[in-house]
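The following blocks contain the structures, represented as structure tokens.
Shared between the two complexes below is subunit A, which pairs with subunit B and subunit C, respectively.
Showing the complex of A and B:
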């Protein structure tokens, strides 16, 4: 086990220790003991930058299930490192924030940090695993820990609802993704991602290629809250704010993005479907998310839909960037910019969205509400929070000089260049891309402004607030301040700080086929591109957005076109209820509790299976060549048995039935006599006597009420089924007799009964000697039956309880 | 109701031994002629049932102060023990051995471990049937 493995597993190890620390060190907030780990991990991962900058990657492997090709292989390349840094960096800030957010004496801190550490380790595992199955394992662990974190305040009904919803949707996607991974394995014969990427050239002709792609994309879309699977994210906002900031803005929801980026080299080069699906779904999500965010009144609701839309933006950029893989040369490849923008915006989004969530948490913490209709005029009370919020929202809206502006410009560039594509039918519908992107950006601008101005400017409404607002404690402010300063730093020095260190290596992982041995991506990020169409678009966004924001009350009614009744949430709730109700109805319809019905099922199945097998196998064959001649006695006995058996059906009294049954038993004993089986005859006689006596006993003890003597009712279906069973069994018996393939083995017994077992009664010798093992367990059965009867009759707990 | 069952009881006293002797005969003859542990056991319990019919549960319990559940258990022990005994001689489970032996009183006698196994069956069958009949008979 290398240090790298230890780094990934260290959060799990620390999670083991947290409850102990929580129990014995009550004076100090448990978070302080957790904080050191993400910081340590961050600095550990930070030193890999020099490695990845040189275009190298680090791979370490320990075997786990080598016979199945499943090894815990860790690979650090540009993309994995970028995510690892995001996870540990934002993780440290979130832990610091949570120390001040969660009260020491009111919350169950041990469970919180255990879940959070589980999540952190799982997320590191997802982004650094080079083995698909290991990736899947960690992937489900993130779903699971996210479920636990959303339901952290489990006494609240909405938390449980949100946790269940996110669990169902992400696990649905996770399982489908596992299916996709298995299909990939079938096509390539390996679970190693790097090997799959190397073999990607051959697999696109396979019939499994498209199903694998769809399955994996479903996994990525559900995890990254893409349309229409975005519905779990707004409900996940019931989690504590540090969790929302960490999981539902910076890390977990980007797992799907990671997966798409990671597997782009496999699927993208040969398939227009990939481009259309990823970019299309991304754009729809972008538009729908930003559109829905505007109507929210809860701050976290706005941020949730904003996250949805920003994830859609990144996803669409990754989709468009896939076009770059279609051309296998680096020069003049104008579609690379989309991938650059995706990676860059990924970083930017983590910074500004993390800070915004923390701001919202502060506002919630200090005023007691997150409803923007109650908030307003907090600017003077919370100047620092206000500043952070300004930076965050303006960056989100895409205004200069923040980093959001840069990535939005590049986003527009990427979308505009779609127009120049002449592949995958892009020339016909490609114009939609920049148009939708532009409209979505306007909505983004509007909700950013709402978020900012409705909270911090306007009239201060102290009557509606539960607490008297004041500035947050310093500890709560440090993490958002760091993130906000990153927003500005990345805004001003993006090119020098990020492009070579993080973005170019990450792009090398997403678009590996474009690189030769020595070439590197050249990323240039700058404010000024000259007067071009992107700039016009940004100006347009600001102008139209400002007007729309100011006139928002006038066009608010447009949202009534999309009533709650017809939303996807309703669809989810309705289908969940429908599934429950219909499966309940289905179960109730056939599990009706009557043994008679179950017997009917069993016998119908029995008849069906046997007759189908008989006909399919052509086994029906009746010959009488080797039949013995029928004697008079056999015929008479057969007639007696038949008469008795039929008479039972029409007997009115139960006593008659019992006696008729007895006479059948004795006739069978006579048959044994006739067919020369004295042991059987003796046993049959005695046993029949005993069982008839027991039947009479039961008869005597029947309850007096409802003891009408009446004939068995006639049901046509029952008659049909019994005749069917009889016919099928008779046919099978006759066919089996006609199809005898081998001689009996009884010759051995005849020869050896005296020679080897010193007996002359062959039946008895078989019972106690040749096959004594059966006999041993048959007497055990008898013993169990006797003890069972004894227990049933003697042990009457209910009566004893009644006194 | 107290009835006078003198004929039944007297005949029972005589027949009982005949039946028991017959059942023992069935048991021992099993290896060569029809019979064996199962039918022998059923016959013996049939004799005890006759006793039960002629007298009552308490009298029979006094005559035969035996817990028939233990009889069944002992029978199972015999059967399993015979099987396990063969393991001591390093042969597979339930391998039987037989041979002629010179026993002081009986002289030259043919002995077979299968009889011990059959004895187990015999005891289990008696124990089981009697347990069932007694239990049902005692319950109200």
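Showing the complex of A and C:
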């Protein structure tokens, strides 16, 4: 157990303490006790930057289940560290924000911080695990804790709906991802990610390669809310705003991005499908998310779809960047820039989206609504919030001088260079990539402007607001202010601050094969590239976006066409309902409550299985070589039994049936006599008498109304099944007798009954001596039966209650 | 010769059992059936006896005794049932 393991597990340990603190220290907001941990962890992880900058990585391992190759291996490299810093850094800010957002006396703070700490620990585990199974364990923990956090206000119906939806979708993806991991294990024989990356060259010919890739991608896409699995994210906005800011913008939804980035070296170098899928899905998500965001009226709805679209952007960049691995023979690898952009935008998005969510939370907190139709003119009342929102939205829209501009430019560069790929008809279809990216950026611009101007400018509508708006408390403002200042700092000093410390090491993890032992990626981020196509695209975005925003009320109606057609949500709801209804119908159709029907199933299965086995195994064989001759008395007894059995079927009254059954029993006793089994004959006679008496008892107590003396009805299926059972059993018995392979072991008993057990009656010696155990438990069975009958007769609780 | 006679008598007994079974099935009233069953029991006793001779063993003598007892108890129980509707009467003070 190293310090690194302790760092990952510390949130879980603190989560254990939170309820105790909450219970005994009620005067102080519980969040203050939680706050120190992410800060501590952030500074701890910050130290590793010097390590990863040099291209090294830190690996620590403790064994968990060594026999299965599952060890809790922690590896800090550039990518993991970047995510760990995001998680702990934004985690600290979110905890601080939540202290002021959640009231001490109204909310269940203990559960909130337990869930949040669970999530933080799980997320750290996801990004720092080097073992696939451990990664999966933490991955599911993030799903569960996210479920708990979304459903935090569990008395609200929408919260429960959102929590369930996100749970179903992310767990679906998580399970498929587990499948992918297992396939990877089958191909490489190890769960260690770093070893799998080293072996990646050997596995791309395996037939399991493509299924493993698809399974893992499904997991990544569902977690990162890619099209069409993005539908859970807007509904997850029912969570408290700190949760939305933390989970659904900065960390959890980037777990899928992390996974894609982490496993790119495994899949991308040998398969064009990977980059095609990742980039294509990312681009569709980008376009669809930005398009849908424009029509939202809820601030968090806009931000949710904006997150979806930005995640799509990062995903598409990772896809295009993976082309660098595919075309690694080129000297001047032009696709690397896409990966740089992806990592850079990942950081940028976390900063501005986190601050925007907090801004929205403040607006909600101070006005009582998040509906942009009710908001407006808040600029003068909330100047600080206004400033933060301006920085965040302009950065999101991709305007200079904020960091969003830089990553947007690099995004365009990456997309334009797709044109130079020469696989899958990239030259003809490739132009779609920059095209779609450009259109999506216009929509991004429009919704950013809507978010900003509709909230803070325009007419102030006091009548529609629940509270009198005023500036938020200072503690609530500190975290967004920090994030917004980061937006600006990264905007001006990105190159010097980020490129060597975080971006280059992260790229080294995503594109390891492009590096020699000592070389490093050279990341250059600058505002001015000269008059190139990217700049033109940005100017175009701003120009077209401004016009579109100003004329928005005129073309708003095109959205009225889409909601009816846009039915992924409806598809989800409908399919859930369909699954429930059809499984219900299916169960009702065969579970009809009649034992008769179930017996029919059982016997049909029985006949089917046995006859198929008989024919497939070619086991049907009837010889009479070792059959004994049939005596005349056996024949007569058989005729008697047959007559009685058939007569039972046609008996008019139940009494007749009982008597006939008795006579069959006695005839069987006679058979025992014939086949020299005196003990059996004795027992059979007594038992038969007793059971006939019991049948008569039952018969006598039948209720008067239903005591119709009528014949059993004839049903063709029943007749068919009963004949089938008889035939199959007869055939099996005959075949078994004809296929006798070994002699009986009874010779031993014959020789030793008197010698070793001191008895002359062999049956009884076997029962009590050679195989006395069976007898003991049969005695037990009789005892249980007797006690059961006694209990059933005496213990009539319901009747006693009535009386 | 002796064995042949035994077999003949076995077959005779069997035929009589078949006849009695016909009465058990057909028997217009319940007492008919009970009497037929009783007679089947007696026939079974003789059958077991003859079979014992044929098989040259005395292991089945207990069976003979048992059938006698059972057939008596059974017939008595049936008769009581037909007469009173119950077989075991409850004691008064229970």
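Here, the second predicted complex is superposed on the first by the 796 of 803 C-alpha atoms of A that agree within 3 Å, B and C clash if a C-alpha of one lies under 4 Å from a C-alpha of the other, contacts with A are read in each partner's own complex, and residues count from 1 in each chain.
Methods note: a residue touches a chain if its C-beta (ideal position, glycine included) is under 8 Å from a C-beta of that chain, and two chains touch if they have at least 3 such contacts.
None of these values were measured; they are calculated from a predicted model.
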item	value
Partner chain(s) touched by A:419 [first = subunit B, second = subunit C, both, neither]	neither
First, second, both or neither for A:785, with subunit B first and subunit C second	first
Subunit B versus subunit C as contact partner of A:769, first or second or both or neither	first
First (subunit B), second (subunit C), both or neither touched by A:659	second
Which superposed partner A:670 touches (first subunit B, second subunit C, both, neither)	second
Contacts of A:65 with subunit B and subunit C, given as first, second, both or neither	neither
Touching partner for A:647 - first (subunit B), second (subunit C), both, neither	second
Which of subunit B and subunit C A:633 touches, first, second, both or neither	second
Which of subunit B and subunit C A:686 touches, first, second, both or neither	both
Footprint overlap on subunit A, where subunit B in one structure and subunit C in the other make contact	678, 682, 686, 697
Partner subunit A, residues of subunit C touching it in the complex	7, 10-11, 14, 17-18, 21, 24-25, 30, 33, 37, 40-41, 44, 47-48, 51-52, 55, 57, 59-60, 62-63, 66-67, 70, 73-74, 77, 81, 85, 87
Interfacial residue positions of subunit A with respect to subunit B in the complex	678-679, 682-683, 686-687, 690, 694, 697, 757-761, 763-765, 767-769, 772-773, 775-776, 779-780, 782-783, 785-787, 789-790, 793-794
Complex contacts: residues of subunit A adjacent to subunit C	632-633, 636-637, 639-640, 643-644, 647, 651, 655-656, 659-660, 662-663, 666, 669-670, 673-674, 676, 678, 681-682, 685-686, 689, 692-693, 696-697, 700
Residue numbers on subunit B that touch subunit A, as the complex places them	26, 29-39, 42-43, 46, 69, 72-73, 75-76, 79-80, 83, 93-94, 96, 98, 110, 112, 114, 117-118, 120-121, 124-125, 127-129, 131-132, 135-136, 138-139
